[in-house]
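Heads up, there are several structures right after this.
Look for chain A in each of the two complexes below; its partner is chain B in the first and chain C in the second.
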Partner chain A sequence: MDTLLIASFEILSFGAIVVLVVLGLGIIASMMGIFNFAQGEFVLLGAYFTYLVHSVGLPVPFGILAAPVAVGALGFVLEKLVVRRFYAAPIVAMLGTYALGLIIRESVRGLTGGLYLSVPEPISGSISIGSLHFATWRGVIVTITLLVMAASHALLAYTSFGLRVRASLENPSLARAAGISTSMIYSATFAFGAALAGLAGALIVPVFSLFADLGIRFLIQGFVAVMVGGVGSFAGPVAGASLIGTFSAWLPWLMSPVIADVLVFVLAIIFIKLRPQGLISGRGVNR
Partner chain B sequence: MINTNRQLSRRRFLGNVALASAAIAVGPGSWVIRPDWANASEGPIRLGIATDLTGSLGFAGNTDANVARMLVKEINDSGGLLGRPIELLIEDTASDESVAVGNVRKLIQRDKVDLVIGGISSSMRNAIKDVIISRGKTLYIYPEGYEGKECTPYLFCTGPVPAQNCDQFIPWLIKNGGKRFALPGSNYVWPQTINAYARKVIESSGGEIVFEEYYPLDQIDFSSTVSRIISNKVDVVFNAIVPPGVSPFFKQLYQAGFSKNGGRLGCVYYDENFLEMNQAHEIEGLASSLDYYKVLAADDPVSARIQSAYDKQFPAKFRFSAGSAATGTYRGLKLWEAAVKEAGTIDRDAVAAALNHAKIAEGPGGPAEMAPGKRHCKMNMYIGVAKGGQYEIVARSAGLVDPKEC
Partner chain C sequence: MSSTGTGIQPTPSVLEAAPSPVKASAFLGRRLPSLELALLIAALIAPLFLRDYITVYATRVLILCLFALSFDLVWGYAGILSLGQSLFFGMAGYAVALLSRDFGVGSIFAVLPVGTLVGFVAALLLAGFLLLGRHPSSVVFVSLGTMTGAYAADRLARGSQYLGGQNGIPSIQPMTIGAHELNEGPGFYYLVLAILVLIYLLSRFLVRSQFGLALAGLRENEQRIAFFGYKAQHLKAIIFAISGAIAGTAGSLYAFHEGFVWTNMLGVVMSTQVVLYVLFGGSGTLIGAVIGTAIVEGLSFWLSDNYRDIWPIILGVLLLLVILFRPLGLISLVLGERERVGYFGPSLKGRRNAAS
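And then the complex of A and B:
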């Protein structure tokens, strides 16, 4: 019973981390139709920014709040300068964003000297119930993930900005005819996705510490999650991420971790083969 | 108009190709450090450093290159070797074996170096040793602590091996932690081999192994492992998980109350660089077993001199630390210097024969000597315990420890 409680909490918290990382990736993939291979490095930048804020002596929570703004702003600039040139060719977009990611990753490696650096949790310690210990910060991550998920959904489903985003995805030329600046909407959507990645990085850096390859770990998992969940809708990638996150945290409890690691991908491939449209096949944002 | 534009761009394209191929030919990751004096009759002795200046092991490779720069400068300033100056050639192995083989081939075939020092991971050593030794007919010194079992002729290892890491360390862990061991490790050759050795020492010292388990190299969530450690009442976690997994693993162990309930963390490769991966309180009491710690400078004047000379020349972020192979590089280069002096030539067989029993009286952490016929190095070993983000030396070997290899 004790182990079951601990296991459920740990699996839930890791699932939440994966959802948080995939959210921005999923929004860019579903709402803009391009796969952003630099998404993992946006996560890394969020983490690095938080570390920077911490290293100059400012409080970590300030870093966590400022990271999404900084990474979002960078995402906006990169979209204007680079990414928008690739909308016509999604495959080239993958390579282009991969190159961006490589540049960011190696720059951070240079800046950190390739070392692993720790950032303290703003709320550290663990909540003890009897002999059981639950890490407080992981609980905070679960809560924030739920809030961010709800807020992102509300933004896309109920605001006029969300309406414009969906219109630009559905029929760009008609949207332009209706007076929507689609290029502005694309920039804003990309920046929003980048900001979510920045937030994810800022929240997870106290758990995993800062290192240049932080993003790669999540990038591959993130893509599998988007494929399993289904591209095109808001709910798809989120559902896929919960599934992949839960499985990859749960399977090591049952079997050798080396086998579990492979099995997650095998199961994902089988699932995509049987259901190519993914878990949720709809398009856009359900209200 | 259109036509001229096209011609211009083609010409520019050709120009770019020429520039790019020139860059590739010269090699953007190569450095040549020429001595500032020359020997009239013979050219300089050529020392090749092949190490990971970029990529995931860049933090260690840059340190090793810096150590070589420092020592070569010292040797050249005091008159060189056999009256000849040393020219230092540094090639980047980029933490990538396929890049490395090409760059090392440049050192061997184009630059015709007399010795190669380098390689950090075992896979790197395995990738480049054939290029250097069999096809290159050159001497090779591998400076990093590793899992042992490398017995290739002309390949000399100057970092600590499992016997040196474990023989003193495990009885200490049993005494200062307890008898019940867990052996978690990343799934590759070093953790598997060192755990196999540790298992023997643990069992012969009266300890028991509760479980031994391996994880994918990029795994960063260890909740099931931590839960097993806690529920099985493990006394000592002998960790062979490597970064990036090790930092979240230690954090999760701490949060689950492992150290609070008297558990002991042991990890042989942990040096000063890794202390930063976690907050100090999370790894308080972690014990490691290495050939050098920075705090040794407090009571060993030789270590203090080496450490301060390095810090003065390279005040940047690449630390002189045991885990980065800085000490192995230092030892390797100085042992080779002693061997060349004894042999009186740089002929490979003569130097190898002298290196077989070479000794140095001064090095980081104390003197060192090659174990004759073993091509591995005897050295002092220390046990350091992390306290408040620093190491404290709690035990030291009585004299040089035998590598027990080959």
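And then the complex of A and C:
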């Protein structure tokens, strides 16, 4: 019974990490129709930024708060300079953002010297409930993920900014006719997605430690999750990410990790083949 | 061409303007073959001037050219974004490495057919799953599926004791032709060059045939081709399997040339490498894939000595610039759009004669 509880906490916290990583990817894919191959590298940048802040001597929580802002700003600039040229051709966008990701990843590899760098958990220790111990930081990740998910949904569903984003998604030319600057909305949406990735990177770096291929690890997982969930809606990628995250954390308890890792992806691809529209078909943000 | 003017009465200005484009296109029409011929001659005489270790490097580049051709066929001609092309390359490499390790087989007449067959069958099976079916698959799904295939193969090979785990399979025996042992150097170079030229010519014939025309149609507008009554998905599966076979040939040559196989050959690293080559040189022209491979590998040979750390960054920046400003690749600096697309079917000479 105890191991069962501990196992489910592990699964929950890993699922939360995947959801956090996928959320930004899903928002960009659903709202803009772009599969951003540099998303994993935005996660990496968030992690690297947190490490930088830590190595300068500032407290880690400050880095975690500042990372999404920094990565979001970079995403904004990159959208203005590069990504907006790709909207007409989504396939070229995949290749272009892949090139962007390559540049970021190799730059970070050069800056870190290819080493594994660790960042201490800002809140260490564990919470004890009865005879069970849970790592506090993982609990914090789960909590923040839930908050961020709720906040993102509220932002897209209930604010006037969200209304503009949805309008630009639904019918760009009509949105422009109504006086919405769609190019500004696209920049802001891309920056928001990047900021979420930056936050994810900042939160997970104490758990995974920093290395240049940190982003790659989540890239395929993220894409599979978005496709399983269904592109076009807010709930789809979240549902897909929870499913993929749960399976990726649960299956290694049953079989060897290598087989489990591969099996998750193969099952996911088969699922997408049978149900191309994903778990949740439909567009937009449900209120 | 002058006969076209006889029926109608063209205005003098048209008559004057008419000859110059004809001349220009006749001139342009010779660019692609002359480029191909120049490259072939350069490749033929190169080993005479190169030092041995550079010839060995050049052999590897030629093998990678072959691999790049296989990706160009699926992406440049049929519009299938295969991000897992290394799956076939690496599987063939592992297959022939096992053949050598467990059965002591190193004869080229066994190795190449086996490698090619492994690539072909693997590609056919994957195509059967990813491309065929009731619903046509989206490009994103196919790219994701192929990428997952490469990733899964990489992981499994890393975890498998039988396949040597992280270290791969080292010290493969040299390839043999009859009693002759084929070692790195000019001999191997010319063998690879001969195979490359042969496969290049076969591919050239393929993409300029009616089948190639249907493929080009697929790339431009799949739905329209389907409405014309072509079985679009079958065409895609066929070209995917052919490209897998070519990647398999390249993989088996690579395994014997390097003398060992390791997991990177299977994984995402290698498949993105080949995407780089083809985009760089220019997808949709066979020669573009070859040129892109030669340039990227040449630059990396030259730069990685002095600038090892920043070379991947430079590569990324160059790729981004090419995608942004030269979406058709470097080849578009030399070739016009008209020649890039080319002619299809039987040669035009017959038709021209009939018309005049």
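Going forward, the second predicted complex is superposed on the first by the 282 of 287 C-alpha atoms of A that agree within 3 Å, B and C clash if a C-alpha of one lies under 4 Å from a C-alpha of the other, contacts with A are read in each partner's own complex, and residues count from 1 in each chain.
Just so we're on the same page, a residue touches a chain if its C-beta (ideal position, glycine included) is under 8 Å from a C-beta of that chain, and two chains touch if they have at least 3 such contacts.
In this text, all values refer to a predicted model and were calculated from it rather than measured experimentally.
Superposition of the two structures on chain A leads chain B and chain C into a clash. In the superposition on chain A, contact of A:Ala157 is made with neither chain B nor chain C.
Shared-chain residue A:Leu52: touches no atom of chain B or chain C. In the superposition on chain A, A:Val140 contacts neither chain B nor chain C.
Contacts of A:Ser107 after superposition: chain C is touched, whereas chain B is not reached. Looking at the shared chain after the overlay, A:Val69 reaches neither chain B nor chain C.
Contacts of A:Ser256 after superposition: both chain B and chain C are touched.
Once the two complexes are laid over each other on the shared chain, residue contacts for A:Ile269 go to chain C alone; chain B is not touched. In the three-chain superposition, chain C clashes with chain B only at 19-27, the remaining stretches of 19-27, 235-243, 289-297 or 307-315 being clear.
In the superposition on the C-alpha atoms of chain A, the part of chain A touched by chain B in one complex and by chain C in the other spans residues 106, 109, 216, 256, 258, 261.
Across the complex, chain B meets chain A through its residues 54-59, 62, 187, 213-216, 218-221, 223-225, 227, 231, 243-244, 247-248, 251-252, 255-257, 273-274, 276-279, 316-318. Remark: chain A residues 35, 82, 85, 90-92, 94-96, 98-100, 102-103, 106-107, 109-110, 216, 220, 223-224, 227, 256, 258-259, 261-262, 265-266, 268-269, 272-273, 276 touch chain C in the complex.
Contact residues of chain C toward chain A in the complex are 81, 129-130, 133, 135, 137-141, 143-145, 147-148, 151-152, 155-156, 158-159, 268, 272, 275, 279, 309-310, 312-313, 315-317, 319-320, 323-324, 327.
Per the touch definition, chain A reaches chain B in the complex via residues 2-3, 6-7, 10-11, 14, 106, 109, 113-118, 120, 125-126, 128, 133, 135, 207-209, 211-214, 216-217, 248-249, 252-253, 256-258, 261.
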